[in-house]
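My questions will all concern the structure given below.
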Amino acid sequence: MTLALSGEDVAAKLEPQFPGSIIESRGNNLLVKSESLFDLASFLKTAPGLDFDYLTSITAVDYYDYFEVVYHLTSIKHNHSLVVKTRCYGRDNPTVPSVVSLWRGADFQEREIYDLMGISFDGHPNLKRIFLWEGFQGHPLRKDYL
Amino acid sequence: MRFERYGIGVAKGMALTFKHLFRHPITTQYPEEKLTVSRRTRGNELVWDRGKCTGCATCAKSCPQGAIRIVTSVSTEENKYLVEKFEVDIGYCIFCGLCVESCPFDALFLSYDYERARYRRQELVMAKEGLLLSEKKQPSGYARPKVEATLPKQTLLLDRDKVKK
Amino acid sequence: MTIFNPSFSSVNHYSATLPPDWPGGFWLHWGVFVVIIFAFVMAMVMGFIYLERRGIGRFQVRLGPNRVGPFGVLQPVADAIKVLIKEDIVPAKGDKWVYWLAPVVAFVPALMIFAVVPFQDGALLADLNIGILYVVAISSVSVVGIFMAGWGSNNKYSLIGAMRAVAQVVSYEIPLVLSIIGVVLLTGALSMNKIVEAQTIPFILLQPLGFLIYFLAACAEINRTPFDLLEAESEIVAGFHVEYSGMKFALFYLTEYAEALAISAIITTLFLSGWRGPILPPFLWFLIKVFAVFCLIFWVRSTIPRLRIDQVMAFAWKCLLPLALINLFITGIQVIVWPEALPWAVVFLNLAIMAVLVVLWSKFFRLGGGRVEV
Amino acid sequence: MAIKTEPFVINIGPVHPSTHGVFRMRATLDGEVILDMEPVFGYLHRGIEKLAEGRTYTQNIPFTDRLDYLASMSNNLAYVMAVEKLAGISIPERAEYLRVIMAELQRIASHLIGVGAFLNDCGAFMTPFLYMFREREKILDLFEMVCGQRLTYNYMRIGGVSQDIPEEFLPALDKFVRQMPSFIDEYDQLLAENEILLARAKGVGILPKELAISISASGPVLRGSGVKWDIRKADPYSVYDRFQFDIPIGSTGDTYDRYWVRIQEMRQSVRIIKQAMEQLPPGEVLTEVPHSLHPPVGEVYGHIEAPRGELGFYLVSDNSIAPYRFHVRPPTLINLTALRDMMIGWKIADAVIIFGSIDICLAEVDR
């Protein structure tokens, strides 16, 4: 059984390293500031005992006020999982750091989110539309796109 | 890369295809030979029982594609809804069967037929006369166990394939 | 144009074989025989197409075409009619002349091979004393047509297919010829008719390795599986004829089967003792053997996957060519040292040599290739 | 004198026999060798994630059929399990077993297509493909018997399965399960030892273990690279913890290993079906679920081991009748991440079989 790590426990481990970067931890969720996401993710990937070597999925949700980007992390080594979330504000050019350099599996998923949700990923090597064509107006998965 | 197996692998494969030369072909020559479809087949078009329908429009609500259109009027002397319009746009229908499952009065069936190609798109919009249950329009047993019991057994390739193991 | 000169030796020979009471002169007979052979090739090709489609159908537990005519025998006719009435599309930016000429250049050599194929004793259009050399010379001209098609289509897929075709056919020509020389050594003649006459026992028994090499190389020559790289529908769609339609496509299709027929006929002549056989008339024996060889070709086609281009080339140069040379060497020794040896002893010896060589090559030969660092 | 050559660009697809749908690879070639490759998606994008936000939870089940149309049952299962997790619905025991049987039958059917198409890409002229279609046909017959359709099953419901199996189903399934192993042996005999297939597939398109994990590969692609990761074992859902089965893994991660893993998984699926048939309990197959389901506010990620990899559904509920967000984790889109790495330096012929060995379904990639 994949053990869903408790957000509080992980937050307690992370807090000394990244003070103030964790906004909230509830259940197996961890809500972090988008500025410190990349450092935190690289810590999660390499820290012994955590070893989140497998990025299961990335997705984004539009909550009108902000976009929430959700990372589902799994460790194949220890068979446990964690959900990391981050928020980005503004509808014109919301940006979060890209994690492609940590998990290459993020490549197409971040492009997909950029395409359909309009969130830019800072540091993505090839950030362009994936399903829709270049020049398409708008981002269909946003709630205000009709 | 080497040919480690001295051609034995190729020979084995060719022996297998040769064995298949003497097996019974599994082709069904369709227009002449017809297999019996499943008793629960979700065939083209819907079949509608006017007597049982109360015009509650549950089917229209449950349709993911919005392919069913119902217009009702209230009949005061009979104290019930009269179905004025019952239209199904088969062009939109994805034959998921959710309407049939959700019908509380067993008034809607999927059809047992599958040969329902049309030449024109407007012919795909079936009005209520075209949907009525009749001799020609057999209902299928999908979500209707009573109908299912009356239908013939499905032919299976498992039974037709004459390979003895 | 020496070949049309009636003083040419084969013509004299041919005239000599005519019964003296036949009406008409040489040219009349020549014309009649050409028409007969053309009709024969067309009929056989249709038979082949039907047989292959039905046969592969049965290999794949299907029925195959069975709608047109009794048992679907008219299916090739229906196919031909369908293809003829199709729109003839020429790529706008293609090389028009090359595009137009390519099917003809590919088809004519395939037909020309039948000039020297002996259908029964003496029944051949021209009993050239260099018969087999003529076959070798003519059969690889088709590849020019294929390259023209690939080039003229102005399509990258067809160009890749054409490049593959040239590389492949040129490479496989060498083991093909070397394996023929083994037979020629045994016979001492290049004439196809003489080769058949010399086969008291079929040469497939005296030359098992030669047969194997010839069969594989011939499959590559006529682009049959596992060497059908230039068509390779799963990689380069249809290769050189991807842009062809209508009549021109039909010609390519016809070429493919005419070449298969020609190769079957030559294998029959060289290794399966041609028209020789007991009880049945020689012509029938010839047909039976041709069909048997063709069945083997499409049986292979229905079973095994395709090689990659570098593997195909490696197979020709590293496997078939050395084997063909060794075969030639052994045959030469046998012809010189034991010209009158008991044939059956030689048969078993050669079979043993073939087994040893195949095992050795399977063990040590490497296909090479693989990933290229870029 | 050196011959001057220059690379050229060729579009493999969108209409190409070996792209298994409408996929485009924009390849830069030097002769036959691939120098660079860029995948182009989106020809089959239908916006299912957006469509699903406007439909109720139940109405979305037929849409999941249309994601990976070669594994509709698995998609149904993943989706209804996610919704059940979201709404806290428990389902009858019999329904769990029926779901497992269907999912495993679907895995066999899907792998048959995957392996058949892979061998077809290798150039085996349709024969293995048609042999495998024959067995798939038998599975489709069984599915048709149960749910009335042959491709878009729409069989699972929130709270169970739509209908109980008819009485002739179990005898037919039993017959199939007894036949199937010998057919798998036949596939092995046909090509598994074939020298040409070995020459074509062994050592080609190697996906190293570390890369496979890094690109979040899943399913046979990940296991072919030698990672023992199967969600049925790692995070057992439904009743998978009650069955005995092995996880076949490859050693080098080449195309042949992926092919081999698929063949072995079919054998394991047959094993699971046998056990599930023995343990199948009687009883109800569908719990009462309100017609308009309002799951509580929250979010859930449900995942299963679909034939092509980890299929996940991420659902966000705002207590209305429709999901607020409906996200699919498509296994094949993510498996394609390493396509470029696997292809570069190989030839066109290899590119086709590397692509075939990933076994994608474009309807799921593009959604």
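Letters A, B, C and D mark the chains in the order given here, with residues in each chain numbered from 1 onward.
Throughout what follows, contacts are C-beta pairs under 8 Å (C-beta built on N, C-alpha and C of every residue); 3 or more make two chains touch, one makes a residue touch a chain.
All values derive from a computational prediction rather than experimental measurement.
Among the pairs C-D and B-C, the greater number of C-beta contacts is found at C-D. Among the chains in view, D has its Cα centre nearest the centre of the complete protein Cα set. The greatest centre-to-centre distance from chain A, using averaged C-alpha positions, is reached by C. For the pair chain A and chain B, the distance between C-alpha centroids works out to 44 Å. A separation of 62 Å divides the Cα centre of chain A from that of chain C.
The centroid of the Cα atoms in chain B and the matching centroid in chain C are 51 Å apart. Annotation for chain A: no residues touch 2 or more other chains.
Counting partner chains per residue, chain B has residues 1, 3-5, 7, 10, 13, 16-17, 20, 26 touching two or more of them.
Counting only residues that touch two or more partner chains, chain C has 59-62, 302-304, 311, 367, 370. Taken as a graph of touching chains, this assembly has some other topology, since it is neither a line, a ring, a star nor fully connected. The full set of touching chain pairs reads A-D, B-C, B-D, C-D. Here chain D touches chain A in the complex through residues 41-42, 45, 47, 49-50, 211, 213-217, 227, 229, 234-236, 299, 301, 303, 310, 312, 314, 316, 324-325, 327, 329, 333-334, 336-338, 366-367, going by the rule given at the top.
Touching chain C in their complex are the following residues of chain D: 8, 10, 16-18, 30-35, 119-127, 130-131, 134, 190-191, 194, 196-197, 199-200, 203-204, 344-350, 352. Residue ranges of chain C in contact with chain B, taken from their complex: 55, 57-63, 66, 299-300, 302-304, 311, 358-359, 361-370. The touching residues of chain B, counted against chain C in their complex, run 1-7, 10, 13-14, 16-18, 20-21, 23-27, 29. By the touch rule above, chain D contacts chain B in their complex via residues 55, 58-63, 65, 127, 131, 134, 137-138, 141-142, 144-149, 152, 154, 162-163, 166, 168, 172, 175-176, 178-179, 182, 186, 189-199, 202-203, 291.
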